[in-house]
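Handing you this structure, nothing more for now.
First chain written, first letter: the chains are A, B, C and D, and each begins at residue 1.
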Amino acid sequence: MKKQVAIMGATGMVGQRFVSLLENHPFFEVTSLYGSKRSAGKKYKDAVQWVLEKDIPEYAKSIVLKSFEDSPTVQENIVFSALPSDVANTLETELAKSGHFVFSNTSSHRYDEFVPILIPEVNPDHIEAVKFQGTKGFIVTNANCSTTGLVIPLKALLDRFKISDLFVVTMQAISGAGIHGLSALEIHGNVLPYIEKEEEKIEIETKKILGKFVQKFTDFDINIFARTNRVPVREGHTEVVFLKVEAYLPEIISALRDFRGLPQELKLPTAPLKPIIIFEDPLRPQPVLDVNNGNGMSVSVGRIRLKGGILTFTVLSHNTIRGAAGGSILNAELAYVKGLI
Amino acid sequence: MKKQVAIMGATGMVGQRFVSLLENHPFFEVTSLYGSKRSAGKKYKDAVQWVLEKDIPEYAKSIVLKSFEDSPTVQENIVFSALPSDVANTLETELAKSGHFVFSNTSSHRYDEFVPILIPEVNPDHIEAVKFQGTKGFIVTNANCSTTGLVIPLKALLDRFKISDLFVVTMQAISGAGIHGLSALEIHGNVLPYIEKEEEKIEIETKKILGKFVQKFTDFDINIFARTNRVPVREGHTEVVFLKVEAYLPEIISALRDFRGLPQELKLPTAPLKPIIIFEDPLRPQPVLDVNNGNGMSVSVGRIRLKGGILTFTVLSHNTIRGAAGGSILNAELAYVKGLI
Amino acid sequence: MKKQVAIMGATGMVGQRFVSLLENHPFFEVTSLYGSKRSAGKKYKDAVQWVLEKDIPEYAKSIVLKSFEDSPTVQENIVFSALPSDVANTLETELAKSGHFVFSNTSSHRYDEFVPILIPEVNPDHIEAVKFQGTKGFIVTNANCSTTGLVIPLKALLDRFKISDLFVVTMQAISGAGIHGLSALEIHGNVLPYIEKEEEKIEIETKKILGKFVQKFTDFDINIFARTNRVPVREGHTEVVFLKVEAYLPEIISALRDFRGLPQELKLPTAPLKPIIIFEDPLRPQPVLDVNNGNGMSVSVGRIRLKGGILTFTVLSHNTIRGAAGGSILNAELAYVKGLI
Amino acid sequence: MKKQVAIMGATGMVGQRFVSLLENHPFFEVTSLYGSKRSAGKKYKDAVQWVLEKDIPEYAKSIVLKSFEDSPTVQENIVFSALPSDVANTLETELAKSGHFVFSNTSSHRYDEFVPILIPEVNPDHIEAVKFQGTKGFIVTNANCSTTGLVIPLKALLDRFKISDLFVVTMQAISGAGIHGLSALEIHGNVLPYIEKEEEKIEIETKKILGKFVQKFTDFDINIFARTNRVPVREGHTEVVFLKVEAYLPEIISALRDFRGLPQELKLPTAPLKPIIIFEDPLRPQPVLDVNNGNGMSVSVGRIRLKGGILTFTVLSHNTIRGAAGGSILNAELAYVKGLI
């Protein structure tokens, strides 16, 4: 018997990924979809401006949308949230209080005292924090899309070497801004040198995720300098990383290539075989060619060089799958297997 | 009386910029255009695949192209070269031997013992090196397009502060690859994480340009880590810079804003009023909006931040004007005013 | 003494073109700028999200925006309007009643009984209609951006030949949708096969413009089949035209090439030397290379072929200059020279 | 037992589609790959510049490429050809003479006396022509990519109504030009108003395909006016069609929607369930969202309108699947089921 789940914010970019990725999921069955007041009462297929490369799954087409704005009573215990952050602020808290298990994409609660920013390959033990939330249900968040692609290779290195002083420059896809978050005229043939709040997210979240949870979260100690840019790419965030690391290149490469985490061990349904895929061709990874590696759940790493104690590499990750909906689903799968939901 | 000049490689991307920028130049008059054997004998307008936003200048349309492949005898003393580097290797040397003053865009001779990589705002005294070349004429090169945008703000800082440890990530325009250097399918909606030889150029050239010339070149001592990428932008290289600097933010900003060089003092025709234009809006500079600042000869700097002794900023420069043809013309103007040609 | 003019909707795409094109205009001086309530009270440079390739003109930067939503009292007699059509509906009418001369880009009044859709090269006599409007001031509209590029060559042909049965397919630029009218995700690497109300506009407006005004408007009799598409181009609408015409190819080409209108005769400041520029190269016109021909006021025509009585050609026009702000300014220049304002 | 097949021109755009689509094919097994002299002797994975969204199939990676330039002796009876047309001219003929069954994408032999341009949904009986070729083997071609998308809906209409006078304007994807056929600078943010020989192909091929074969080919009698353009889209040709048709709109829509052909009846492995997919949403079809409908083998039709006896619609097809490699494979499947190979 599958667990019934609700998706909140189902018509947006990340909501559509949830709807798509949860088709035929072995643990979960989508039984409710929530949208804004404007969409409520309409069939999903009539309310959504679908933007994914594969069509709306059949199961979702005729589900009648409910409104998250009308103090919802949610039947399902498990909720995937892609809510706007102003709504998520209070609504996710209320849901947790009333016994729901919320797997959220929103940044609203990422920095709360006992809310983990969970990436199962990286910090699976952080899930223990939910027991301290003091509510009947709980909130688990995933990281910001640009943080996710970064911390997976960092974790692989951190497991074996001393690292410090991280510089990262991102080239992020337009899908990360949501369906209507960026106008065509702004980004067409252009680079935008700034994404609001994105750099702070990378800096804060990376330290929390790589840190420890023992009754409370303790940040990992590392200097981080992040600079985020938007480029005219549909899907896939590319990030150039400089990192001080005490190691030799061959062992660095094998640390990245051989890295496996708990999701691989547990064979979670959404876990990729390889969390990290390594490229030797200097012209890879590329968003157009590599964003879907591992069904969008692997991160692709290339251009690995070491000079003067500074490791440099380029990492590409799928921002709306690994960096958003897919990441949340993987979190829920871990919670499920651990018997927490 | 204007000096007569020849353009070599006149049909290519940079050659077209030379043809365009030299229209009505107060010092120089284009009297010959050289192309490959395939183009020779044709009128310029019939041989060129013109790709600039303004039409071919009238003066150039009917000039009959000569071939640089048929051991040219060049009438003009002054030669602007946008030759392919394999041709430039020997041809530029021969030209200098036979008394020509070659202002080159090619990398072939940039690292030669007495050939300056000249950026008149940055290292005007390096022009003295030509006197050591031992030939009747000489070769002056300009820097690689991605180096140029970088060293101008570096120089402004270096004049007043101690700097070290430079990390730079570029997002470079497609025009930098030449008219047929990059296929549409490769870059459409994509990021290419590598540009051949480009990172080495930035690292080597920056040290030479910022170094000293006293009978010989001595490199500036700085650690440089460069990573170059291609993005789907038509014109304008964007570069994110991290730099260790000993200074406070307000004095950094005024060092950049107030920077002027010899070309401004001499009021050289192609010199921009301000070598560096500063932006406070975090969403600037952008290639589409800012690439033509200062007629493509200013570099635009934004997102200036200082944290933990690390200065970060974003610099945009016009890769085929400031970073190529415009830069060479400015070099020739300096040589002209100094009476070297 | 220049006439003082106000621009309504000054922060939008077309408003920015007005602000830009009216810099140093010989007849007109911009003294007021109107925006939405949200912008009112701010300096223009702080309120506008500027998107043009050249920077905001100095004269406009510090003008404090007024709100068109707060029942404006407009000091200036002459108003250039780029208002949203719901606002224009009543506001332009009120302005005309209270004695203003409104040159509008909006479709609201194009189909009114005595409002001309004026293109001075095509139907300058239609300006007489304003005398029948029965208001102290008047409204003159220009055509929809995709209509404008089409009717100029049609007029050149119609003057000399019998034409009928027009099929036209457009490939329109994203700037035509306004600054925030189209999301990046919708058009990135894509074609949208439909633009709301655009096809009807082409069909209705073309007939009115090419028709007669003798106390009332009489449509030109022609079958028109229009299909409009959006493509990922920044500026410039490309249109492929099939037209039944009774003529030989050489006389068709010279009719297009030699076409001149009243603005050329009167040497109006914004009039291009040649309303139509002809290309023989089958790969022209192209938006990137040709959109700015004649300072954005010429239309570029290429690929002229005749087969079986069907003339085919491709026409490119600048949608926010010739097809919007530039067109309105040309209309006002004509009115000025005719002593109507 | 599967039939062994060779792919000629395996490293190009269409060759890569062959390699990809023939993975795990129920009838065919790829046993040889042919490339140019430059590639010969290398493993496929080392010689190819792979550009498809899914990685190189495992089976192909280590196949050592042979050269089609060195008078090949081909072991396999069945050859899929994506050869450059200058090579195909003689090589395909030689292959047919020596007993090979050539399924070609090249235009070289499309207009030969007994070579069918086969689209199994449209003219399956034309395959009979191969019996007249007088060679041991034979050549079967598929249509040009822009023709294919057009003739499928035309056939659906022609089966039930009288049609005449066809106007078609295409907006074609960059992949249609091959991997290096189009430079980034030419098409970035641009429209190219001409594709060499493409318009003639549409006009000639459509008439042959829709015509009859009874011992010889007789063209279908229809006036065709085609105008082809290149747009910055990765995959998928969009075509706007105007057609004189004697029918009512509802019966037109059902003729398109209900259209099925022999491949559907025979359940050929590569045949889509529905050759034509109909859209009511005026904003569909779009290349980004719809190009992969029916695994790239369905054509998508939208914006169906009828006015004054003129039917208008927009059709989208996958130019390198349905319009190239997929089409050839479907042809071979038909030949296989009919016992011709």
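To be clear about the criterion, contacts are C-beta pairs under 8 Å (C-beta built on N, C-alpha and C of every residue); 3 or more make two chains touch, one makes a residue touch a chain.
Quantities reported herein were computed from a predicted structural model and do not represent experimental measurements.
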| item | value |
| --- | --- |
| Greatest separation from subunit D - chain, by CA centre | B |
| Of A-C and C-D, whichever chain pair has more C-beta contact pairs | C-D |
| Centroid distance [mean C-alpha coordinates] between subunit D and subunit C, Å | 42 |
| Intercentroid distance (Cα basis), subunit C paired with subunit A, Å | 46 |
| Contacts with two or more other chains, residues of subunit A listed in rising order | 51, 188-189, 232, 234, 288-289 |
| Footprint of subunit A on subunit C - complex, ascending | 13, 51, 174-175, 177, 179-189, 232, 234 |
| Contacting residues of subunit B [partner subunit A, same complex] | 167, 169, 171, 188-194, 223, 225, 227, 229, 231-234, 238, 240, 242, 282-289, 302-303, 307-308, 310, 312, 314 |
| Residue ranges of subunit A touching subunit D (in the complex, touch as defined) | 50-55, 188-189, 234, 288-289, 292-293 |
